[in-house]
Each structure stands twice: as structure tokens, then as C-alpha cells.
Amino acid sequence: VSAHQFPVRVYYEDTDAAGIVYYANYLKFAERARTEMMRDMGFEHELMRREHDLALAVRRCVIDYLLPAKLDDTLIIATTMLAVAGAALELEQEVRRGEAVLARLLLRIACLNTAGRPRRLPPALAAAAQRVSRHASTMVAQHAR
Amino acid sequence: VSAHQFPVRVYYEDTDAAGIVYYANYLKFAERARTEMMRDMGFEHELMRREHDLALAVRRCVIDYLLPAKLDDTLIIATTMLAVAGAALELEQEVRRGEAVLARLLLRIACLNTAGRPRRLPPALAAAAQRVSRHASTMVAQHAR
Amino acid sequence: VSAHQFPVRVYYEDTDAAGIVYYANYLKFAERARTEMMRDMGFEHELMRREHDLALAVRRCVIDYLLPAKLDDTLIIATTMLAVAGAALELEQEVRRGEAVLARLLLRIACLNTAGRPRRLPPALAAAAQRVSRHASTMVAQHAR
Amino acid sequence: VSAHQFPVRVYYEDTDAAGIVYYANYLKFAERARTEMMRDMGFEHELMRREHDLALAVRRCVIDYLLPAKLDDTLIIATTMLAVAGAALELEQEVRRGEAVLARLLLRIACLNTAGRPRRLPPALAAAAQRVSRHASTMVAQHAR
């Protein structure tokens, strides 16, 4: 319910000779969705860098490929913040077509300053992320029942 | 005025270490816009292939790079049909950021059957394309004054 | 020692505006290396499809990003077969620059027929894979001491 | 005869759902070949930037698509320097499979300093380029007979 939702259309550039979306391109879709979620929270890349000396770097990505996406598909990328700790975020992202989940990603993302050193999330971002995250935890708890 | 307009956001995937959009990626943006223009005219890829035994293949692309696009930019891809002849289309596409034209493409596109042989545009598509094209010619004429 | 080694040069297309290789592109490097390893074992994509009705599909990919790769880097992709079971392969891949490991991938790959159903590895491929895999197990055992 | 030759293998990442190499990806192949030609002349990207305050930017690209490249193909990218003028280079590149020319590119490339302003080629690079170019002109002349 509360996950950030971002639509992606599948174009020729995303597909391969097997007739389906190439496996690396789901990571592109996921990054677009994270960027738009951050933007919705007020944290564009350039602004983060300039005003907060902050960049985000993926440290770990686990992706399960469940069903293939195809040319002309309209997909929804659903992003849920799972945890916010000092200098790291954890997210789950699902690539969906209608009710079907085509791929599921778990990401650990580090907060770095522009020199590449770990840094705490700026309070405004931490607060925004935690709001989303608390919401998500409630959801997760409900799912768990 | 009458060109088909399609918005594209620039993400990390589109940029390179020079800090700008990688030169090949403008062709991706342009193809997305052509796909959406065709879809708006009722000609999705899959439907074209299945119902009309039709595929479109770029034969020639001339692209002028005028100004670089950057991370977080919102671009507009403006697509104008220049000519429709038996088995070919000519299009102009501009990549714009606000008033600025960042890149301009001229494309010659062949209509093929799924066996890869040239074939005439199906009448419905030719008519739709010519409507757009005639409109465009008027525009071009007005621009020329 | 015994892992398949494949060199990859980093070009502008692989990098992003953060000045490093874009996170999805490590999956491209890894797939190139797997393709060349299969080719060295005598199993080109087209031949697998045509003669063995076989395609390989990644089911799960876990990737740890340890250090960034950069423009002009020459990387080595080291691929080790971890396990061969009926219709699945498990592989580890490392992206290295000199002695440094920049990224590590664990992959589960399913063997499908061209209709998309699971199928056993053709004996010739299973044997070739097991040879590599046994070799790898020895290695892993030695590493474990 | 004298063109710089660079081999490229076609992987899944390069292809699309039409079963052929995606039209934008020929520009990637071409850029890889130009990078390696420059490297062979002693001008790696990073070195150019650091020691010569020089970056190269494509201003215009004309590409003719003649025949499609396919999965598993080994292509040769043949690069010929056509002209070297103050702050610009002109090149022709052919994408070949055996004797067949699959695509032909004409490129105009500007020499910029890292602030993005036009600058003359450093003499060492101009000399190296002209050597290649003169050689090419001879070739072109011979072809013309």
C-alpha cells in the first residue's frame, strides 16, 4: 500500500535477443524509481551533493528474477524503505506487471560524502526516510501476521 | 507547435564520467519518443508485428550534438514526421531542455515485414503518418518565411 | 587459480556522472565473461539453442560492491563454477583490478528449453561444467584451510 | 588496409527483442574503437585530461545501417582518420563482419579543454593524427581511381 510507485515502460533498448528484458536493466529501472522517490522527498541528486555533500552508493544488491518482462510492458516499480541506520539505508523494490511480481530486489545503500567517506544521513533526509520506513514497518508487521 | 512531445528524465544510467549524457543515449531517448508517438497513433510494436506483419528499422541517423544534457535534467523529445513515402518514413527529432535544443536527429526509417523485406506502410498507418506529416509541412513552410 | 579469467576494459559507456562504473554494468561484464567461458567449453549461445534446445536464465544474483571501477581500467572477471545440479548452475564471479576485488557476484542460473521450461543440462555441458566445478571445489577446499 | 582495426563481440546486452544489435549500440562499439586507437597513439582519456587538459566531444554523427549484426557475431570496427583541422577531427568508422560492411559512421569530433572550450590539438596528437590521416588520404586517393 504505502510503497513508492513508479511506472516504467519497456522499450527496445531494454530487451535482448531472448525477447525479454535484459537482466541488468532491472537495476536501471530500480535506480530510476529510487531517484524519483528521493526527489519526491525533496532530495534530488544535484541538491544532495551541493547542499548536503551527500551521495548514495549501492553496497549490496540481491535480485530474484521471477518472471520475464517484455517489450511494450508497463511496469510498476514499488519501493519500500526497510531500515534507516546511521550511514545506511535498506530498501526493497519490486518490479510488477499488474498483480504479478516479476523481480524483487533488496538493496543496502551507503551514504557517502563527495570524497567517498561514510557520513550520517542529513537529519532532514533521515527524518523523511524514517517516516516512510516506520510506515513500511507497520506494513511489514501486518504482512507478517 | 505540432510536433509530438515526449518527456525524458536524465538518470545516472544515461550519464558518463564526463558528467553529461553519453552520446549514444540520445538515440535511446529518440526511440522511446518514436515508440510513444506510434502508440498514440494506435501502432504499438507488438500489434504492428502481429496484425500488420510490420517492423520499423532505422536506415540512417544523422545526429548533431549542440549542448550537453545533464543528470536530473527533464528533456522534451519533439518528433516531427517530415515525409512518408511507400516503404519509408523521414523524421526529425529534437532533444530540448526548456527553449534550448541540445541535439537534433534526422532519421530515415524503413518499413519491413517480419521476414526483413521492405513492405508498404499499412494504409491506416500511412494515413495517420500523412496527417501528422502534412501538418508538419505547413509548420515547416511557416518556419521558412 | 583455476577460475576462468576474462578481461574487460572500462569505456565511457560504462561510467556515470559519479565518475565510476554504473552499478548495473557490472552485470554486463559478468555476463560477457560467462558467455566466453561457455564458448571456451564449446557452448555458444546460438549453438546451445539450435543443437541442444537450451537457454540459460539468471534466477538470482547477489552482488557486493566493494570498490569502484573507473574509466580506462582494465578489469579481470574471474568466474568459478560452484555447483552443477540437474537444471541449475551456481557460479561465483569476481571483478578484479590487479589484486583488488571490486565486486563479487553469486549467481543461480536455470537451464531452460526454448519454450522456457526447466530442462536438465545436456550431458556434454554437465560433464564440462562438473570438471570445472570439481576443480573449483578443490580450490575452495584449499582456500578454506 | 591502414585503418585501425578493433574487434567487438556481440553479447546479449547489445541485442534487442528484434534479435539484432540495437541501433544505439553501434555508437558504443565505435567509441570503444576510437578509444583504443587513441590509446595506441599514446592518448588515454585520463592522460589527455590530466597532461593536456584535453577532452574529445562528438559534434556530429552520421550513421548508415546496412545490415544487422547478431548475437555471437565477432565484428571488426575499422577506423580511418579523414581530416585533422585546428580543433576538430573527422573520422570514418565501419562495422564489419568478415567482408560485409554492416554500418558506416562519419564523425566530427571537437577538441575541448576540460572547461568545455575549443582548443587546438596538442602538437603530439595532431602529428600522430596527421600521420594516420595522410596515410588514409593516400588510401582514399587509391580507392578513387
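Just a few scattered comments:
Letters are used for the chains, namely A, B, C and D, taken in the order the chains are written, and counting of residues starts over at 1 for each.
Going forward, a residue touches a chain if its C-beta (ideal position, glycine included) is under 8 Å from a C-beta of that chain, and two chains touch if they have at least 3 such contacts.
Remember, it's a predicted structure, so these values are computed and weren't measured experimentally.
Among the other chains, B has the CA centre that is most remote from the centre of chain C.
Centroid to centroid, with C-alpha atoms defining each point, chain A and chain D lie 37 Å apart. Taking the mean of the C-alpha atoms as each chain's centre, chain A and chain B sit 30 Å apart. Here the CA centre of chain B is 25 Å from the CA centre of chain D. Each of the following residues of chain A touches two or more other chains: 12-13, 18, 24, 28, 31, 71.
Taken as a contact graph, with one node per protein chain and an edge wherever two chains touch, the assembly is complete, since every chain touches every other chain.
Residues 18, 23-25, 27-28, 31, 55, 57-65 of chain A are the ones that touch chain C when the two sit in their complex. Within the complex formed with chain A, the residues of chain B that make contact are 9, 11-13, 28, 31-32, 35-36, 44-46, 71-72. Chain B contributes residues 12-13, 15-20, 22, 24, 70-71 to its touches with chain C in the complex.
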